[in-house]
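Naming follows writing order (A, B, C and D), and every chain is counted from residue 1.
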Amino acid sequence: MALYVLRRLVSTIAVMAMVGIFIFLLLRLAPGDPAAIIAGDTATPEMIANIREKLGLNEPLPVQFAHWAHSILSGNLGISIFTGRPVLELISQRLEPTISLAILTMILSVTIGVTFGILAAWRAGGLVDRTLTALATLGFSVPVFVVGFFLIYFFAIRTRWLPVQGYQPIDHGFGPWLVQLILPTMTLALVYVALIARMTRASMLEVLSEDYMRTAAAKGVSSYSMLFHHALKNAGVPILTVIGLSFAYLISGVVITETVFNIPGVGRLVVDAINNRDYPVIQGVLILASGMYVLINLAVDLAYTLIDPRIRY
Amino acid sequence: MQMQKLAGNDVLLDVRDLETHFYGEESVTRALGGISFQVRSGETLGVVGESGCGKSVTALSILRLLPKLTARTVGGEIRFHGRDLLKLSPREMRQIRGNRIAMIFQEPMTSLNPVYTVGHQIAEAVQIHTKASRSDAMAKAREMLRLVRIADPERRVNNYPHEMSGGMRQRAMIAMALACSPELLIADEPTTALDVTIQAQILRLIVDLKEHTGTAVMFITHDLGVVAETCQRVIVMYAGRIAEQASVTDLFARPAHPYTQGLMRSVPDRRHGRQRRLPEIPGIVPSLREPIVGCSFAPRCPFAIGICREKTPTLRDIGPGHAAACFRAEEVMGG
Amino acid sequence: MTISRRDIIKLSVTTGAALSIPSVLRAQSTTPAARTVRMVKGNVRIFDPILTTSADTYDHALAIYDTLFGVDANFVPRPQMVGKWGVSDDQKTYTFELRDGLRFHDGSPVTAADCVASIRRWGNADSGGKVIMARARDISKKDDKTFSIVLEEPLGLLIDILAAPGGLFPAIMREKDADRPATEQVTANIGSGPLKFNEALAKPGASFTYDRNEQYVPRKERPDGFAGGKIVNIDRVIWDNIADQQTALAALQAGEIDFLRDPPFDLLPIIENDPNLALQVLNRAGDTIFLRMNCLQKPFNNVKARQAMLHLIDQEAILQAAAGSANYTRTVHSLFGVGTPYTNDENTGWFKKGGDPEKARQLFKEAGYAGEKVVMLDSTEYAVAHNANQIVAAELRKIGVNAELATTTWSELVTRRAKKEPVENGGWSIFVSSWSGANLGDPLGTPFFAANGDKAWYGWPKDDEYEAVRAKWVDTETLDERKALAREMQRRWWDFVGAIMLGNVVPPIAHRKTLTGLIGVPKAVVPMWNMRKG
Amino acid sequence: MSLLSASAEAAPKGRLQLSGLPRLARRHPLVFIGGGLLALLIILALAAPLYASDPLNLYPFKRLQPLSAEMWLGSDNLGRDVFARTAFGARISLLVGLTSAASTVLTGLLVGIIAGYNRRFDSIAMRIMDGLMSIPTILLALALVSLTGAGIGILIVAITITHTPGTARLVRSVVLGVRERPYVEAALCGGARLPKVLWRHILPSTIPALMIQSANLCASAIMTEAGLSFLGVGVPPEIPSWGNMISSSRLYLPIAPWSVFAPGICLAVTVLAVNLLGDGLRDLFDPRATRRR
């Protein structure tokens, strides 16, 4: 087990190195000169050249990369070109809203998605199944920003039940924090409910046709226990896998949701950074997002052992 | 249906005109075409026949474990202690399953839940049907494992199914089925998937436990040899109907249905320890999707005459406790 | 509070809860909602006003810095930080004395040395400022409150330039900040203006918080444009950056924000119908949308092709697409926009309702246009220009010009428009942007007006006769002199067509009715003083 | 009994009639409905010039007009015909969806098959795939689109790069599973050359998984396109695609709902069709999943 974790961590480092090189090259080759943007409308070419010099944008690519890699490894994600603040500070300032949104969304979509998936599989082909399949398809086919608008319209403008936008840090109180996040969470969760419900349904259908489910029925186990204990635990591995893999999709959804609901999270930070060509920020966020993805999937792999005794590392 | 009742034995299970259909996308399969039989307290009833003849469907119909969306019991009654199981609510049915009627299955490798320990699965059955505490149930599980002669039950109780051999798993299945001392145990080909030597041990175990507990057993198999060793009475099934019904001695002495005779000819010689799959009867089993005119065995029957292809024979008494569904039963028995 | 702040910090440090320190600070500085105004108006990306002319940076600087002079609503310069000033008889020495009570947010007094350093830094970057620097022999402090500018030659425009709202914001900073080169960002955000920047609550890209500067001593005059008394009636302004317009409007409707700078034109009826909301035009000069052509490359290196564009444009159609409502748009005939002191009607015969596509087709033909690709840079972020672009492209295609929209972000547009190469090598033919009245009323500070070829603003028009006229501007003494000069410039401009006006939009701002006392300035910025809430 | 004989009589007759499409419709209704809808949409998209006007025409004085005989689905914020744009938008959206799916599947197939067969390539390729997989799709797409500016081509490339790892892994796992099968070993021992074995024996076994995957990819690509348009970096705005129609008209939803609903409903129907097809194909190729029905 420890050896496995160690081996996985080593390969994680290799993956992260790939990501690093990829991200660095990608953004340095992009057009759009941050110096020109900083300089503004009235800038003369000399001013732009001066700014480039200051930002180290004139150095050859390998030199820029070496500087960058060195500082990343020493825990320094660099300084934002635009705001002049450390990238790490900018990101950590934005981390709480994004993580709050991601965790709430995951809790909501796992609870609802798994329940729906189980219900659909239980009565496969029945009314519940068909309704849920239709809902799941809808969840996949309506863009997040449209869903967001409708939720804002009905729950915030029409009824005034919930706030339109913004974020309250959790240390201002759990209530305000939750209230602010209800609509964004619902918006973002729709797709994941659909995704997890579909995976749960498929996985459950497979499990429900297994011989041991018949054995359980022959013992007199209740339907509830059949579904939620005997079947769910067996169906757990693929469901868990989807949850792990969908983390990357979740971040994609977060970018749009944060824009719609004006949540000052990492997603907004990176969209702004891309528009501004604020390289250090983009790189910092991408590195961080990939790192989290890799770690979450490592955690998921380890969690398999808790669910399925046949899996040992 | 005239069935001669043996005096002194209570009828535990009385199945009457049981009809079960399977629904495919374009067809209906008449898996059971109206069968009737009885199981008496403490007896061992063998049910034999080729694959697909409806043995397992009968068992699943009794416990109402058929797949909900594709199969339905469309007619008949299943009286258990006089109450029709088909009319029970799901909740009442659950109180019967595993408690008063238990079942063990053909595939020990896949019939245990891989993510729970064996002890947990046995204890679960106990906890569902008695008010036993968790620890009492686990104690019962250990006791049951000892009863089915699993070595080191203290350790094995915490094993997962994948940590056990096939024979051991089937023992665990039996332990689970018998944990609540059921009145009827339905054993659906419990030894088919096992090695020959293990098979004999498991058979021995079932017979011993039956004697020990007094449970009635409905023993489903395709192996007449097994029937001969374990059962008192036998039902021979063919194409969703009962072909012949008799005591074991009568059946082997005077088989009255051509199909039974065919089966007997293909029984492997157990003294040589050889094992062969049934049957070696020429021809194929008819499709149950098509309507069958006449006797369903007629196309394969060496005794078939004109009437056999026009009318469907019904089960009729041809001796004390002996019935067969054949127009020429007497000739078959005599010949 | 019975526990002192020190106790709390000590406590949280000893318990190791370092993370809770910011929340303690926040809790202490929380102000009641009624005294806090939440505004949505763009996003500050750069804090140093000497680095960019961006309106958002200007807005930020306007709140935290003060200036020596400021123009009123009629573009007349008025003293702001300066108490008294005078000019020597030879018109070469200007002496300024600061008024009393000026203090930076860090508590230090504003001194003449700070002013001198600030003027130098600004003068090296601003195009009007460069005129001063070129003529100045000496800029130095006399005593703590007095400094002087000594010129080689008289410069009648000196005060106008110092007050000019068209170029870079002439912020007075601390000497140690102003000593930095003009290319290096000042990050201290410490000025002497009526509001203080709350560094602890700054969330770049999300929101910035400005607190009332309790120590600020406003002038006694009533507020008027950038001039007059800057009295802050509220405790705090939170400047939210809501990127999505729909969300911003919803937030305004729900009362989560008090002010929205750029409500989408098509949704104005929704605001008008909302009993809690009001629309108000603050910037009466509006924004003039213009189209710039690359005069170095085909086809617009030919003056006939540029004239063709002048005749092609149907301003009403563009305004309709750009802003929808006729209530908030005007056609523009003058090089100096609408409502500036220099707006005039010289040589505007080209203007025709509905445009003149036939004439344009004819002129393109005379220009020898042979189907060359015309690349139009189109940023989707700037809705008005984006919509205008689509109309112009459609009109061009109708008369057989091979117009192609190149979609970019604004930042890419800014990068790409600096390229002088042909379109095949990543160059461009047309881009659309806008100037505020403050810019079009300031031909010295606004680079748009130059026509000196390579050295001119993007598009690089070249006309020597026009340049000769424009060169006289610096030495004009009176407004009438300048007005006459403006007519002369415009006469030439519409002949060689250095740029084309597409129309003038007067965007109203939307606010909750509880927010009052907003004052207008001839620029797309909104001063944070004078307003009241409740 | 009568019920039984009636159905039994009907069965053979019915079966004779069951051939081709009706049979597909009865046996696999999802494949039929999904595939049919998709085919219909493709035909409508291709035939757009025959029944819709020029989607690029602007009528600035007819902005945000409601539905009328002249403009069936009204006009958008620049006075463009929503019906025409929706019809032509189908071309872009389907092009993006189908091309992305196709190119992703091809790339994934190539990488997956080679990785499944070559250990050395495998370890390198899979690390790279892990890397690409760990970058959130929209972020990578944003970064890629900002490389060369918005455009259909770059959008397809962006989607392909971000979705290839999943497909490659899928193919690789199928190949790893198949290559130990006796018939493959037999073919190799029998002297068949590797490419031929790959083509004849291994490729076909990846098809079921890939069919399902491409349906999912197609839907995902169409949605990603819409999302990128929302963030302002999708297909150039004058070119109609459902994604950018929705995102540019979204603002006018309260006053001109048709300009959002027309492309929105089309998008939903397309994604629905593709998803139905995907579900149907899964059932078709993997009947186990529905066995219990």
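One rule holds in what follows: a contact is a pair of C-beta atoms (placed from the backbone, for glycine too) under 8 Å apart; a residue touches a chain by one contact, two chains touch by 3 or more.
In this text, all values refer to a predicted model and were calculated from it rather than measured experimentally.
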Which chain has its C-alpha centre farthest away from the C-alpha centre of chain C? B
Quick check: more C-beta contact pairs at C-D or at A-D? A-D
How many angstrom between the C-alpha centroids of chain D and chain C? 47
Using the average of all C-alpha atoms in each chain as its centre, how far is it in Å between chain A and chain D? 23
For chain A and chain B, what's the span in angstrom between their mean Cα positions? 54
Mind checking the centre-to-centre distance between chain B and chain C? Centres are C-alpha means, answer in whole Å. 90
Chain D residues touching 2+ other chains are 146, 149, 250, 253, 292-293
Multi-chain contact residues (two or more partners), chain A: 31-32, 124-125, 149, 259, 271
Residue numbers in chain B touching 2 or more other chains? 69
Any two chains that touch count here, so list every such pair. A-B, A-C, A-D, B-D, C-D
Within their complex, state which residues of chain C touch chain D. 245-246, 264, 266-267, 269-270, 317-318, 320-321, 324, 378, 380-381, 386-387, 390-391, 393-394, 397, 405-409, 412
Contact footprint of chain D on chain B as seen in their complex: 25-28, 30, 67, 69-70, 289-291
In the complex, go through chain B and note every residue touching chain A. 63, 65, 69, 90, 94-99, 102-103, 105, 107, 110-116, 124-125, 128-129, 160, 162, 173, 176-177
For chain A, which residues are in contact with chain B within the complex? 124-126, 210-212, 214-223, 230, 233-234, 307-310
Contact footprint of chain B on chain D as seen in their complex: 4-5, 7-9, 11, 14-15, 18, 26-27, 292-293
